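What follows is a pair of complexes built around chain A, which joins chain B in one and chain C in the other.
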Partner chain A sequence: MKSVWKSSGLEARFRFLMTGSRMIEQSRVLAHFCGNRNLMKAEESRVPLPEGSVSPRAQSLPAASHIVPQSDPRHACFFHIRRYGSAPGHSRVVKDRRFAELKDVDIAHFRQILGDKGVVVDSDELKVANTDWMNKYEGHSQLLLRPRTTQQVSEILQYCYAGRLAVVPQGGNTGLVGGSVPVFDEVILNLGAMNKILNFDEASGILVCEAGCILESLDNYVGSRGYVMPLDLGAKGSCQIGGNVSTNAGGLRLLRYGSLHGNVLGLEVVLADGTVLDLLGTLRKDNTGYDLKQLFIGGEGTLGVVTKVSIITPPKLASTNVAFLACEDYVSCQKTFAQAKLQLGEILSAFEFLDRYALDVVLKHLDGTRDPLPDSKQHFYLLVETTGSNQLHDKEKLDAFLESAIEQGLITDGAVAQDISQAASFWKVREGVAEAMGKGGAVYKYDLSIPLKDLYTLVEDMRSRLKDSATVVGYGHMGDGNLHLNIMAPKYDNELLAQIEPYVYEWTAAAKGSISAEHGLGFMKAKAIHYSKSTAAVQVMEGFKKLLDPRGILNPYKVLPSPSESHVISEAT
Partner chain B sequence: MKSVWKSSGLEARFRFLMTGSRMIEQSRVLAHFCGNRNLMKAEESRVPLPEGSVSPRAQSLPAASHIVPQSDPRHACFFHIRRYGSAPGHSRVVKDRRFAELKDVDIAHFRQILGDKGVVVDSDELKVANTDWMNKYEGHSQLLLRPRTTQQVSEILQYCYAGRLAVVPQGGNTGLVGGSVPVFDEVILNLGAMNKILNFDEASGILVCEAGCILESLDNYVGSRGYVMPLDLGAKGSCQIGGNVSTNAGGLRLLRYGSLHGNVLGLEVVLADGTVLDLLGTLRKDNTGYDLKQLFIGGEGTLGVVTKVSIITPPKLASTNVAFLACEDYVSCQKTFAQAKLQLGEILSAFEFLDRYALDVVLKHLDGTRDPLPDSKQHFYLLVETTGSNQLHDKEKLDAFLESAIEQGLITDGAVAQDISQAASFWKVREGVAEAMGKGGAVYKYDLSIPLKDLYTLVEDMRSRLKDSATVVGYGHMGDGNLHLNIMAPKYDNELLAQIEPYVYEWTAAAKGSISAEHGLGFMKAKAIHYSKSTAAVQVMEGFKKLLDPRGILNPYKVLPSPSESHVISEAT
Partner chain C sequence: MKVLVAVKRVIDYAVKIRVKADKTGVEMNNVKMSMNPFCEIALEEALRFREAGKASEVVVVSMGGPQCVETLRTGLAMGADRAIHVSTEIPLYPLAVAKLLRAVAANEQPQILLLGKQAIDDDANQTGQMVAGLLKWPQATFASKVYFGDKNDVTVEREVDGGLETLRLQLPAVITTDLRLNEPRYATLPNIMKAKKKTISKLTPEELKVEIKPDFKILEVVDPPKRKGGVMVGSVDELVDKLKNEAHVI
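Up next is the complex of A and B:
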């Protein structure tokens, strides 16, 4: 493949080849996942605990300031540098003393409910479950429970609620914001053993399954029956559908199929006190009362434990194409997106963008990448993917779109992948930005949703604000209005940071943006919610939390700012 | 047009013509609307009030039993026969005495907030606003308010909340379940004057507007910019987007674009006490806390008053086709639907079905209809519509789908509309069933969501249960799992009814169906919620209602069973 379409000519010289959608997807997923992993690792680092504290893991890490010792080591502290992406700051949370300590009699009771196999006290197994997959957060729960039925989940929670034992629900533990591991010694309620497919209606494409089903297994299952899951994530080999629902996972198919708020048809949820809430409808239309399930989609396990999921799966389509395009300015990117929606319409499946700064970083730091358009230097690049049911039709639509885009001067150059490896190489350029940035220096990273018209203005504003002190790049899921703002400097520097924050959050808030596009708030951003949600909205959320979990045992310290001073001593951002 | 494709041959003899989508839509909408109107009129009838009661309108209607006089005429009673579709029964609700009576001082206060123009006390104007558009429900509010700003809505509600004045929010007043008119003397809060388009992002297709915007106006507005509203209703010329959101309106585009739970990106809502809840995001991705807006989508104005809406609009596509197909059995209908999803994939926009009984009733009773497949008599008929961006591509896909469906023996005959009038005539057959049934006799009607595989089983079970005592027909939005079960008899008959109910509701509940697919519960079905929702779920809903509106002033007597015996004296179903 090489660049074949120049802005100087209108002839349709794009080369074009249909490729197997599966292979493209996999390459992209791998790239995406690697990118995220590096991004998240750069965002935060653990710092040592003071004497008297009990996190053995943190003690091996370098020292940091702002640490206040706890006099009572039983109330184990969790200290970390929280950077809201990459900005230093610190937060300190102590264990809520209203919660009970786990006792032998509790464990004996759980053995009665689950049998020995469902009760894990082995320290090696617990260590894994106490630690998030980025190796960034570590709790020290002494107990992991593996229920196999909703009834068992209900009995467990009923007991925990009565005895005020805090609980952290856990799926595949692939979350990126510390939502799925204990902060202190919460009992881990792992749903992995509830992994049965309960029903699949081949006429409607409606799947009903238990929460512990692995996303990839579900995709394979429905895939062999002519459907696909409406979401796809880098972590699909480990993440569980219950966790996907609880975090309202976005992923790679959101532009095409929309969010889980539209695709999840029903849920079974166990409330904090053990009440089983049967909302497991399998209906596309049901207007009988408030749509309660929606609160548990993205509730991050703080309002209830999702035990079963009903979800609509779209038909699997045969043809995928990937094009890499150059634009002179951001306005052209926007217009190209509008044009793509019109002309590619029903087959458009991804619309990604990166600026020249990002491309340069990728080409410089990431081995095995090459410029898809080596003869063209522009300010912006777009990656456009189509997925449809007919290869020839898709090709014709893509050709027509590209021709009109170049005729209108929206794009100045472009290339269409001719095979799977070329498609993967295009995706690698786009998905490799995060990894490449990490290799280029100290990076301040922000994952934001911003209305499309303002999306790149923040990048420009930041660039002009920081002048020569840093390299500011912008890229992301343009089709979803999801910007990755990355700021690269030779080293982390408080002066530079003060230029970036809270400016970036204030800017995002003023633009009615979101400080967490798709990862959720978890533990990491619970106290930052006010940047994206009004005080009135947070108060209503707190009201819902209190209504559904009056004792606050479900996934404490997550999503919402801690409700009382009693267990949040101080915070500085 | 005539039937040209026979099951005996495989040659692609379907005739096919692209038609303007707009004209087809309009014909369909008209048919749909007329159908619904007749359907709803047949469902319920008002009965006279006893002496001492104060609904002048009801007194002109025929008498009915089960009426209990109210001793105190100040507590005006609302009596009606509630038939859950068509089944007799009765329900009696008296005014909640916790609410205050409207006084002159209140009206004077509202004049201060709104000026004279915003305060309506004229009896003719009030009569219209007190009456639902089906002429079935009539309240007797003495005051209608027309705020022009969110601030005014807030001030009104703050005042009403403090003084315990009950309020009914009202949009276009086109609802079908008595949700948008007062039951007694609630203050009518009409949003019609809040009708400004606030923003439209032509790159993203995201529209932000006030709640009082008419759906059709919005569709025209975005239509001239290359987009369509993601929903379309028969009532679009009158209904308002705030009402659409509040009732989670389904409509004609749901199969293609999904429900408002996926398409609404943000809301501004005023709570019962006047608190303005700014959830007006314009983002496709935002995972910062619980997705509160979802509760107000379908909340039917009982949790808050929607004042602004942010919604994503899909691109407008150029090509529409309609095919009418014959199937031997329901299993073939299901398989044809699966096949259509695979082969028509991204262009499938409607998949409707009716049985032969329904077709016969239409042909017999509805002037101007004719059998689209006169040479073929089958048990089931399908109406399949496609909408796409490329006429030739759509034609090829439809041809291929039809060819393979007939090759596989899924369909035995079919015809493709060659022009707009033929497409409209196909739609008239499907949408005319309700009207035709009404002309054929006394009709018991049920609008249900049922999982696809069981959808027609209910019709068969009912037919075998009722034997020769009635004609049982099934039709509906197969693509949405939405069944219209209609039972026609020479006259209404309690014995027959006892055979139908509660069987039909129990059957629907056992199949995890919904007793209200898309119309909501409103006043009509508030007490029937238990057929579709568990006690635990209803209790959570009641908790949310109490949390957001502790005094219950917002749209009382709607959606949920009345919370206390104090204002529900008796009910019999």
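Up next is the complex of A and C:
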């Protein structure tokens, strides 16, 4: 590859970094200059796979993978596809040369700040921290830091900022878009040791805690005092509130309690240069100036590191009912949802759906799950939950709703949980889908917001598009218009991926949906933002990034198309 | 053949029990109540008898205040044909329940009386045995398997401390159910709808000619003592000394 460059003489000027929209622009240039398709293939195969790596991991480049240069074979191709990361999926991301390499003197400095316990260089522990929950992305950071106080976080970031060391903030590492693990060797800043609950006001339900608190622990804590956390997700046993806030996690109860943008009252954030930004208000209403915390909620750790959270928790109501319903087709599901909103009204607290394929996967791969409706083999299943303060009143409403749904033929069957254990087992079926999917081989996950009437059409489209090469499964938070499209295959396969992406994103964009409803962009969709946001919007976002993190050390290569790319491309022209 | 199933309304198995501040009992306000899990298993077994063609009618009975009706509705929603509510506000303990059940059984004349082996609130494990004694019927408790014979008998495998014991009983008989007997079904919509039309007949202890006097009075309900941390001892002599003088066990 090197000899090709040198002979072409154009190496200095063309350094191709593939980004979604840029690729589309550059594609004509590429097609003109880059010759031989065979040459391209030779490039890729010549880059050796490191020993022991699983091949090939999923990549996530839209458009780019479809560019087939066609023209004159006399011109050589000058892709600079040098792989710095060990996971094949990073083959088209280039490490930002401006970041410093970690040195022993840096590690010594961190030891001074954190003590030996807070500095982890053990390879086994690092491997775990370097790998995401789905086992899809693996970085190779050489250093994991575990601060215990905001002051320590500030000192760490101050040092990293000065020395241009890239940092990945990490919580429970349960994210599904590779946002919580390094791409190359960024230093991992894990907040797990900052897990104190600072204050809980039992009169108002306002909780103040550190970012490393595990969601389930918080739920238990406020639960014993008569409140519930306003969000609930399958990962609750491992995910941390700082990560939830940074990703604006949605979950199962968004329908009832709203999003974190509304429930978070305040944050304490440490900026890239170590500045501690105290926005930790505990007031329900505070319209004094711009609401800065909203930037960090959903900022995915790229604008600042969340160290403390102040959140309002709703009261824990006594009466919960869970029903598991069967529907013949998606249209019935929609109508059932409309009825549910009408008849259950304020007590509706969750409305989830899963298709037959999802149910089969869960029953097959997850221990201890039980088919709630063994006698009904239907195509769609709904899980409806009500939460209220009066058992009698709620039961009446639920009964009335179920009766009318059956009479109108919207549902063909259903089961109502008679006690807490039965309710938990219904929920286990729905919550266990993500985990069960992982056990069946490779999974490609997509989290999309689509207008309700078209939600399932994408699933059917993908099914007919992929035919026997993969199993296409649809489930999700129907009440929020959020589809989780999962495509299962025996192993990760680039050809299959090419069939899926960018089709899924283009489809969603055409339907005016969002390519990431709640999972965020992370690394997986870092170059796909243009499918859901305008260029002007992305430019303003990049402005914020430059303002709050001019050196780009916080969680690089994620969320927005890399600033280094725009920098380099402009250099070339 | 008619099967009579006795069910009890208890605090839901998954709820964390709290003792009331005044020590008169446990917190019951705003706490989720459900059918006792062993009673659910008993009812499920009765329904399976009916589905296997061995029983023609499954009747479910519960005793206590008006909220018992909720539990009976669950029973009907699972598939019982008919329900009986013995209505009383007097606190009921196993012997009183057994006497009332004897009276109900005398009216209903079931061939099998099924109960859960114990209730999860008092863990008494007495009612089934007592009512069998009062009725002078054979009993098989902690059933983990029930087979029908062809001479108006049943064979029951029971879980006992030493393993499994198999008994054959002549009907009518009393059987109490243990955890591994079956997995209760969920209440499905068609049955829930049908349940609304099924009858719940109401009886009182007076009508059944049973006099209930509380057998005993609850003086105090407290939390068990918190588990104390262990202590490391330095030598065998120290251990013996502690066992003798502190724990008083030797």
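Here is the rule we use: the second predicted complex is superposed on the first by the 336 of 573 C-alpha atoms of A that agree within 3 Å, B and C clash if a C-alpha of one lies under 4 Å from a C-alpha of the other, contacts with A are read in each partner's own complex, and residues count from 1 in each chain.
To be clear about the criterion, a contact is a pair of C-beta atoms (placed from the backbone, for glycine too) under 8 Å apart; a residue touches a chain by one contact, two chains touch by 3 or more.
Note that this is a predicted model, so its numbers are computed, not measured.
Of the two partner chains placed by the overlay, neither chain B nor chain C lies in contact with A:129.
Of the two partner chains placed by the overlay, only chain B lies in contact with A:279; chain C stays clear of it. In the superposed model, A:488 makes contact with neither chain B nor chain C. Chain A is touched at more residues by one of its partners, and among chain B and chain C that partner is B. Contacts of A:373 after superposition on the shared chain: chain C is touched, whereas chain B is not. Once the two complexes are overlaid on the shared chain, A:420 sits against chain C while remaining clear of chain B. Using the contact criterion defined above for the overlaid structures, shared-chain residue A:406 touches chain C, although it does not reach chain B. Touching of chain A by both chain B and chain C, each in its own complex, is seen for no residue at all. Against chain C, in their complex, chain A makes its touches with residues 224, 318-320, 324-325, 370, 372-373, 375, 399, 402-403, 406, 411, 413-422, 424.
Across the interface of their complex, chain A is touched by residues 12-16, 30-32, 34-35, 37, 40, 74, 77-78, 183, 186-190, 192-193 of chain C. Remark: chain B residues 201-206, 226, 247-248, 250, 254-255, 258-259, 261-263, 275-292, 294-295, 297-299, 303, 314-317, 334-335, 337-338, 341-347, 388-390, 393, 396-397, 449-453, 477, 480-482, 512-521, 525, 529, 531-534, 536-538, 540-541, 543-544, 547-548, 559-560 touch chain A in the complex.
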